[in-house]
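Note that the chains take the letters A, B, C and D in the order they are written out, and that residue 1 is the start of every chain.
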Amino acid sequence: MILVWIIGLLLCGGILCWLTDTWKAGYAKWIALASVVADGLIISALLVHFVTGTGPQAVSPYPAPQVTTPSAEPHAASPHAATPWLIDYRNTWIPSFGISLRLSMDGLSLILLSLTIFLGLLAVLSSWKEISERTGFFYFNLLWTLAGIAGVFLATDLFLFYFFWEVMLVPMYLLILIWGDSNRRYAAYKFFLFTQAGGLLMLLAILALYFIHGRQSGTYTFDYFAILQSTLSPTAARWIMLGFLAAFAVKLPVVPLHNWLPDAHSEAPTAGSIVLAGLLLKTGAYGIIRFVLPFFPQASTAIAPWAMLAGVISIVYGALLAFAQTDLKRLIAYTSVSHMGFVLLGIFAMQETAMQGVVIQLIAHGISTGALFAIAGMIKERLHTRELARMGGLQTSMPAMGNLAMVFAMASLGLPLFGNFIAEFLILLGAFPQYATLVVIASTALVFSALYCLRMMMRVFFGPAAPPTITPPTASAQQDIDSREWIILGLLCVGIVLLGLYPQPVMDLAKETIQQLTLNFRI
Amino acid sequence: MNELAYIPALPLLGFLVLALGGRRMSQKAVAITGAGSVCAAALLTMVLCGQFFGSGAVGAAAGHASPASVHYDLQLGQWFHAGALSISFGLRVDSLSLVFMFIITFVGALIHLYSTAFMRGDRDYARFFACMNLFVCAMLILVMADNLVLLYLGWEGVGLCSYLLIGFWYDSPANCLAANKAFIITRIGDTALLIGLFLLFKELATLDIAAILRQSPGHFRLGSPVITLIALLFLAGGMGKSAQLPLQTWLPDAMAGPSPVSALIHAATMVTAGVYLIARMHVLFQLSPLAMTVTAITGALTLLVAACSAMVQTDIKRILAYSTISQIGYMFLALGVGAYGAAIFHFFTHAFFKALLFLAAGAVIESLHHEHNIFRMGGLKDKLPVVYWTFLAGAASLAALPLVSAGFYSKEQILWYAWRAANGGTALWLAALAGAVITAFYSTRLLLVVFWGEAKTSVSSRPGRLITIPLIILAFLSLTAGFVEWPHNLLPVHLFSGFLQSVLPAPATRSGGETIGQLLAVMATLAGIGVGYQLYHRQPEIGIITRWQQRPLAAAIRNFLFGGWGFDRLYDTLFVRPLVSITRLNRADIFDQLYVAVVRAARTGHRLLSASQNGSLRWYAVGVLMGILFILTLLL
Amino acid sequence: MAVVNIDRVLFVAAVLFLLGLTGVLTRKNILFMLISIEIMLNAAGLAFVAAGSKWHQPDGQAMFLFILAMAAAEVSVGLALVMQIWHQHKTMDVEDLNKLKDE
Amino acid sequence: MNELQFQALLPFIVLAAASILVILSIAFGRSHTFIQVAGFGMMCLVVLAMWLVRDALPREIAPLLVVDGLGALFTGLIIFSVLVIGLLSFIYFEEREENPKEYYILLFLATLGSAVLTISRHFISLFIGLELLSVSLYALIAYLRTRNNAVEAGMKYLMLAALSSAFLLFGMALIYLETGSMEFTGIARGLPSSGTPILFIMGMGFLLVAIGFKLALAPFHLWAADVYQGAPSPVTVFIATVSKTGVFAVLLRFAQAVHLQQYPAAMTIVVVISVASMIVGNLLALQQQNIKRLLAYSSIAHFGYLLVAFLPGDAAGAEAGFFYLLAYSITLLSAFGVITLLSTRQEDAGDLSGYRGLFWRDPVMGAVLAVALLSLAGIPLTAGFLGKFLVLGAGIGRQLWVPVIVLVLTSVIGLYFYLRVISTLFEKMPPAPARARPLHPFFYYATYAVLILLMGLSFWLGTFPRPAIREIEALLNIRLL
């Protein structure tokens, strides 16, 4: 039930924002903040309970009469072994199609959920001043996007999953379309069309799965745990998996399906960029971990080398493009492509260490890239530009921001002390034994990431200040970050360092899930 | 043994204080925090040394103690563990680490004191000390780590600090570029090291240093490809950090940083991290003769190449930079021939005299309002007496002036091992010898040109006491530090090697020829000094140089050496330009075209179909008919 | 009554139908188009009658009556529109009716 | 005709009576408002009648009609649509300074025709219903003789519709000739057990042509855009929803009766038609600037989707099909409602530029239109999504991969132009043109309310379709075996 609350709070909060704004401007942001904070409290309570507290009391969400099919499908094995599921909520929705309103939470979802709320909070804060017009509707969209994302992380009914998957798109689309930058329309279209194309293919796959399972077991249902029990013919498995992968690969994104990302990220308002980079990309990874691997063990082992190859390509290609960009936000956007490549690499290594790395990477990337986007937004508020050519020497006028930016730049180039290093280290280490060559190629990204991060720092904060003819010095252009921005960046900074120094709690939370998963792939 | 933790913790604390509150603190407060933290760390280290000696490590020196190495362990707690991997914040201090810790904290403390005066009035006083403290902390972690991941943390940390400090005066693009260059080139080495880590973990399933050293002899065949690969990857890591061929190009540019930085990071400590790594992992290298040879050759080549470049430089700091590269070359040579102790010993002495030289150079530069070109200096002998005498000591030590200078003892040892050690050889020895000559030569040149002759630039300011005291201390040490270890045919004093032997095995040597070797070494030094004196002091003969300058060939050679053997240009054409141009070309992301094509196709389809909606009723009727015919054809 | 050969009648109907169709497609004058459509409808009616007689059922004829009625209604509306067109455009040419189309 | 059958027919009789009532009240010179209200009342009566006779179902009124669940369902949808359309019509026509009264006669006649279609089980009733529908539509389309080329539109529709009905008749004649029966069931019986005679196939083809024309499926779609654009907005939405609903109902019934799915040839035709419609419709709409034309093209595509649900010919298919139609009707009604409200006296609000920043100018209408478009695009939370979902399900259940894949791909194309319109709605607001205050505030706001209601309905169907689906299933099961 509490899971429903988490999502419901956001939805209601959003509607409230919209309504109040129509008659009393200025309340919206507070309501938004309140609802996010409330969610934050719930989540932190959960975190405290499950991390420090008595630890996961596993609820077994598997259908009572266990059908352990003696089949080649390994995941039909040990569902009774300590299940990773912490909370399970179900309610009927459209019984005639076996669609139920089912939300379940395991360590992984909990982690990503907390990330969602954390970044959501910062997104609200970071648009505090930036959004001056139609605030109500803005926060409505923002909160609904968050709700959709939270739903995606919790849904364990395929239909419901798809439902949330789509729900998070439209508000995001509007965020980009209405509050975006100069080229927003194009970016918004691109974002929506890419993701929707992928999503529809996934819908096909889901339906196919639904019917196959129905034919086998006689009960037509979209329930995740029920479908987990069904066995697929290899060909069917391959095609259906491709359907799922299409959606997730677009979201992740994997080269060459990544083209929506730079435009969307760079045109979106700051909050939008934070949510996009920090959360939306994660849904893709989450989808692969939650659905693709458990549903199609054989098929995914078969495709693993190619997937990892794609991951490596994304890593290198994204890094190279990031190096070439002249637009700050585009640069950061391409770094995401590179970083998410690591995620793909790690997932399909199908190996515990790498998988742990993936989980860390999801959070670390969310924080570091989110922070970079926040900084880019602050710079844009001051200089009214995203062009690297029109920046420079900002360290003089705003040292604090410069130093913080340095922290996050270092984080995203994978320096130890920061979460990203742990993530990349674990991923590479885990993948190395089987796929040495790929890992070696991927490791070159460490150099490339240094290239683009240092270039960014140099162009933005170091060197001589841009001549006033290019960027007219305004009063705002001089002032360093204020207390609100301090809070935002400070929180992120603490987060990323904590993750780098003490990642263990996160890893322990995800452990159960991951072991359950990698159980199927023991070589 | 909890003091261990405080040693790196104190500088860290200093860093945190300065980083968070630095901009609101007075310069005095900043200086006290910055320097104080490191001094405290230094004191702690001394205490630690004392305890260490007390705990019978010296007994080991006499040779009758058990070879089981004396060491202190401290577990600060779990870092992370996943699957088979388990990493902890564990410190492990044995004699090797202790030597490094001593240098880091002690020399570091002196340099911090120096900087408090040197950097006074700088806009970013606090930032400077923050970075310096962070550096000391990271370096300490690097040498104290008990597992490779923690070591890597320190390894990258020092890289970061070096980057920050090279680009400390960020408003000139040149400095930023130098900083980036330093970071990226070392990063290449780091990546190699990381891959080495992966490989090692794949083989041994642990990254704990002690465990690795224990298990690898049993696990790897002697000279098996795997171990060779691992050793070479580690070597590559060392090359990056220690500016060895072919990754040496960043160090000369790194002189863009303030002089104390050059002294601490780019002379005394960070650049020797590679030496530490290899010494620490010597077991792996022992297992792979090939790797050893490569190391030795790298060292030999580097020391020659760098020394030659140092001969012709005109920027005082660049001269010192090249000499640093070349001296580290000596250490690599020693490592390569298995004389780990000798390498560490040379590191020990080198830290003193090279730090001294840099600091002195800094003092000179300051007092000549930022003049770097040695040929516009001169005649400072009487204007800056303290600086002169200390510099003299440093230069003598660098040139390895026999008996009276620390450099002599360490270098002589290396020369001898290069010749006589099991996997040493005449070629290596000759290379080292030639290096010695050149070193002596350019040290003389440096000294004479800067301090003798007539003044060319007026002295603006005299260095204060905070600057001179560290100089004097270092000068003293760079003369006397060598006495802890004598060539065994002169005096049976082997404190240093005895101290280390518990960790680092002494190399097998072919006995004989000590005296010859020493004589030759001495002669080499004296020859170098003599030539330098001839060319740069005896006024009439100064013409020789100028006459050479006229000769095109000589000029060409000189420029070639001056440009650091054209490595920069090579890399520029091989890697940098292609990379940049390719990425520029693809800035618009080629894959976009794919989707543009799709869109274009759809638009075309729209246009074609839209043409059919031409509003003519008869055309529509025809359309219907067409449809019918189509259907009928389908049916029949 | 004399038994008529169904196929022939059907053939006639088909011919009529095609004639009407060609009329619709070839004539430009709205009136003539309407007339051709009438012909087509009647062809269909004829076919119905034939079919009805084949099965000896009244349905065919019944259907024919309906067709007549419907044709009448249709033509009446059609003619009304024709008048409107004449008022507005002063023409009977369908090709002039092309205000509505894609740009 | 016993009185049970009479009962069963009651709603339709009331419906017929409605038009007569209108005629009378015109004769007695009642006002537009009166007629409006009366018509509204009559429609409510029809609904009431349906509620009363729900137990009398299913009834067969041999040989022409059969009143069963399917008929009731579709008739219900038709009546519902007409209720809304009637409301829309009032302000539309009242403000057009035409003489609007006769309009209602035609409207109700057309409705009757369409309703008859839904219950017809015989060629004659089919024919009567269809012609009743078409002939009144000719007049309806051209009703506003002098405004935006209504007459041209009417003429085009008349010609082509007549052409198609000629084909329809000829096809019927051929089938009759072969099978000796004009009842759907009889046709199935009359067929020779082995092999299907050529004439029958041809007749089937002609039949499909006529149906395809009415549903504006490619390649018989050419008329749609022009007629949609030329016709008065309420009539346009009538064509889009009511007439098509009736035709689809009869298609469904006919197919079920003769087991159309058994003829691979026929099925290939349907597949080809549906695929063609999806592609053609979406591509045509891609850069269309006139929203009425755009909706026309999108309707082409949507009926292409609908055929995918028709293909399996099983219960799931019918269910999906009806739900889709329901969602589609609701959506179109709200969309055209907005168009109607925005139309000026001179011309309908066709051009997209008129919608710039609508969301900020008039949030309610903006929201309604946006939601309608999202529903057309099949985005969750809206009825359209569930419709599309069910259709896909029906298709995949029978492994109809080709049309299903095409559906997915084309609906991505479709998404583009829906987004285009939506982004227009959200554009920065230009100086808003001063809108004349409504002449008839009551009806104006009533319309508003209805629009909001429709939006809510769309959300409701999209999120909690459970009751609706239960009802649909229940009704579809009420049938004669």
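Following the convention adopted for this analysis, contacts are C-beta pairs under 8 Å (C-beta built on N, C-alpha and C of every residue); 3 or more make two chains touch, one makes a residue touch a chain.
Bear in mind the structure is a predicted one, so any value in this text is a computation, not a measurement.
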Remotest chain, chain D as reference, centres from CA atoms: B
Comparison of A-D and C-D by number of C-beta pairs in contact, larger one: C-D
Most central chain, Cα average position: A
Distance from chain D to chain A - Cα centre to Cα centre, in angstrom: 43
Centre distance in Å when chain C and chain D are each reduced to the mean of their C-alpha atoms: 26
Centre-of-Cα separation between chain D and chain B, whole angstrom: 80
Centroid distance [mean C-alpha coordinates] between chain C and chain B, Å: 98
Shared interface positions of chain D, touching two or more other chains: 155-156, 159, 163, 225-226, 284, 416
Residue list for chain B, restricted to those that touch at least two other chains: 610, 613, 615, 617, 621
Residues of chain A engaged with two or more neighbouring chains: none
Contact pairs between chains, per stated definition: A-B, A-D, B-C, B-D, C-D
Interface residues, chain D side, partner chain C - complex: 123-124, 127-128, 131, 134-135, 138-139, 142, 145-146, 149, 151-156, 158-159, 162-163, 165-166, 169-170, 172-174, 176-177, 180, 182, 225-226, 229-230, 284, 288-289, 293
Chain A contact footprint on chain D (complex, rising order): 360, 363, 374, 379-381, 385, 389, 392-393, 396-397, 404-405, 408-409, 411-412, 415-416, 419, 422-423, 426, 464-466, 469-470, 473
Chain A - residues contacting chain D, complex: 22, 93-97, 134, 159, 162-163, 166-167, 169-170, 173-174, 177-178, 185, 188-189, 192-193, 196-197, 200-201, 203-204, 207-208, 210-211
Parts of chain C lying in touch with chain B, wherever the complex brings them together: 21, 24-25, 28, 94-95, 97-103
Partner chain D, residues of chain B touching it in the complex: 602-603, 605-606, 609-610, 612-613, 615, 617, 619-621, 623-624, 626-628, 630-632, 634-636
